[in-house]
Amino acid sequence: MNEHTPLKIAAHIEALLFALGRPVSKQKIAKKLQISEEEIRAALLIFAARDTGGITLIDDGTTLELRTGAETAELVEQIQKEEYARDIGKAGLEALAAILYRGPLTRAEVDFIRGVNSTQTLRTLTMRGLVRKIPNPKDERSFLYEPTTEAFAELGIHSKTELPDYAATRAKLEQLEAAYRAKEDEAPHTS
Amino acid sequence: MNEHTPLKIAAHIEALLFALGRPVSKQKIAKKLQISEEEIRAALLIFAARDTGGITLIDDGTTLELRTGAETAELVEQIQKEEYARDIGKAGLEALAAILYRGPLTRAEVDFIRGVNSTQTLRTLTMRGLVRKIPNPKDERSFLYEPTTEAFAELGIHSKTELPDYAATRAKLEQLEAAYRAKEDEAPHTS
Amino acid sequence: MPIEVKTPVYEGPLDLLLELIEKRKLLINDIALAAVTEEYIARVNGMEHMPMGETAEFVALAATLLLIKSRSLLPLLSITEEESKDIKELEYRLALYQLIKEASRALNKQLEEPMLYEGTGPTFKPMFIPDPSITLQSLRDAAQTLIAGFPQYLVLPKVQVKTVISIEEMIDKLRDRVTSAMRLSFKEFAGVGKNRERGDIIVSFLALLELVKQGIIRATQEGEHGDITLESDSVSTPSYE
């Protein structure tokens, strides 16, 4: 690409996603279009600003995908058959919430939060394509789970920031963790 | 649709074309959206006005189609070539093994056996001519994946029964699948 | 018409504990945890079957709760650094779980919103290109990976921990500690002669022992929200039937 205006970049990203017809990682887009991830970020703002309601862009954090807009769902529903039902059960919702609001997380971290073994639940979420396993940079024997564009699409939203009470919940989680870490560091006072 | 504003109509046309992924006649669009061809014409003006160079609406008089520019076509072709040239990888081998040993399978069944979503992997295997879709006799809205004759030829065998440990492996997989499904039904705390 | 008795199913010990605390509209702290200890143990003992593999977790949590309860009744009960950590961790996990659970309820509601559908992408013409990684051997290995990928418990024989015994053992250990704490308190108060205070401690201790006993044997509760009736027993010879 010669001209790197955000508008032009946005058009190229849109075209590439449309022509490939599948989710594509930002990393790959950056490489193929020879642009920086910073430039992708700028282009994403343009998508958000000019959303026409027909075709819309989902950003799961690492991957982008084009989907139909929410206001056309009633129409598209008649022609697109979904492989899975949207109902994911109580356990699935809890694990997904943990990953969406606090992720990426290892299986052990999901277990810690829920107080139960989540192997089967995470397997189901992975199978449904709502989360995916990525390598854990801190421990190569384990994986991290992160949400997919499919998860956001099923929730009818474009990115994390549109999750219900996202900012407030994040803030509460961080506050809670900070308070716990501070207590942990305190000299233990046993009688 | 309740309100027939040109903007809303344009969004619905866009979504419809995107969801179907092929050219659609204006007549059919009018019928599907319960609008007049006059209303379609008004909406087309909106497309023309906001064309960004990414996805473009092509109007040949009787049919409408979404397309991308020539510049993108080149890039997409290049990406496709790379993907053809690459090994199918661990995910590809696993999905292919599932279809060979346990197939023919629906996408959901491949997902279930692998424990991860296989949408992209099956797309790659299909593109690579290793598996193909056939109608599902049990459900006409879904497909089954089966190995191609090229896949057998590549392996130097004539049928799947010549695969190493075919009968034992198939039986073991069947048994595990049944046990896992039974476990899923029994545990109300997972979904 | 037969009355259908619905046993609530809990995701796990935190789920049960959180429900007990939220039911009483308590904030998550050691006072709240001490307040729901009896009911938690009664519920665990009353469970017809626990979610597979979670038995040990239910019991471990009961141990921490009993410790919190004991300490609230007997401030002189000494706890180890490890136990103090367990208590703090439990409060943290419970607060964390509460937030995530709230978020999961919001997600459930969000799922009613219209979804964003996939497009039908272009169909690329299949093109067969030999791939040297596809061999009979690599496919056999891949099939073995699939078999190994199914959860282990489907392959291995089931091992079930006996809940009742685990809770008894756990309380048995605590009993010794409580007894020595009582001796300590008698020694401390021997010279002071404040009868009321000493009396309080003994009363507290008896209450604790009763709680302990109830935890092992059975809790009789009058209705769902009624009082929990505890059996009395001698201090020196607690009987664990």
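Chains: A, B and C, in written order; residue numbering restarts at 1 for each.
Quick note on the criterion: a residue touches a chain if its C-beta (ideal position, glycine included) is under 8 Å from a C-beta of that chain, and two chains touch if they have at least 3 such contacts.
All of these numbers come straight from a predicted model, not from anything done at the bench.
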Chain whose Cα mean lies nearest the overall Cα mean: A
Comparison of B-C and A-C by number of C-beta pairs in contact, larger one: A-C
Inter-chain centre distance, chain A versus chain B - centres from mean C-alpha coordinates, in Å: 21
Whole-Å separation of chain centres (CA-atom averages), chain B against chain C: 44
Rounded Å distance, chain A centre to chain C centre (Cα mean): 31
Residues within chain C bordering two or more other chains: 11-12, 51, 117-122, 151
Multi-chain contact residues (two or more partners), chain B: 15, 18-21, 114-115, 183, 187, 189
Of all residues in chain A, those that touch chain B in their complex: 7-8, 10-16, 18-23, 32-33, 50, 52-55, 66, 68-69, 71-72, 75-76, 79-81, 83-84, 87-92, 116, 120-121, 123-124, 126-129, 132-133, 148, 150
Residues on chain C engaged by chain B in the complex (per definition of touch): 9-12, 51-52, 117-124, 126-147, 149-151, 153-155
Residue numbers on chain C that touch chain A, as the complex places them: 11-15, 51, 53-54, 57, 61, 75-76, 78-81, 84-85, 88-89, 92-93, 95-97, 99-111, 113-122, 151
Parts of chain B lying in touch with chain C, wherever the complex brings them together: 15, 18-22, 80, 84-85, 87-90, 93-94, 96-98, 100-101, 113-115, 126-130, 132, 148, 150-151, 154-157, 163-165, 169, 172-173, 176, 179-180, 183, 187-189
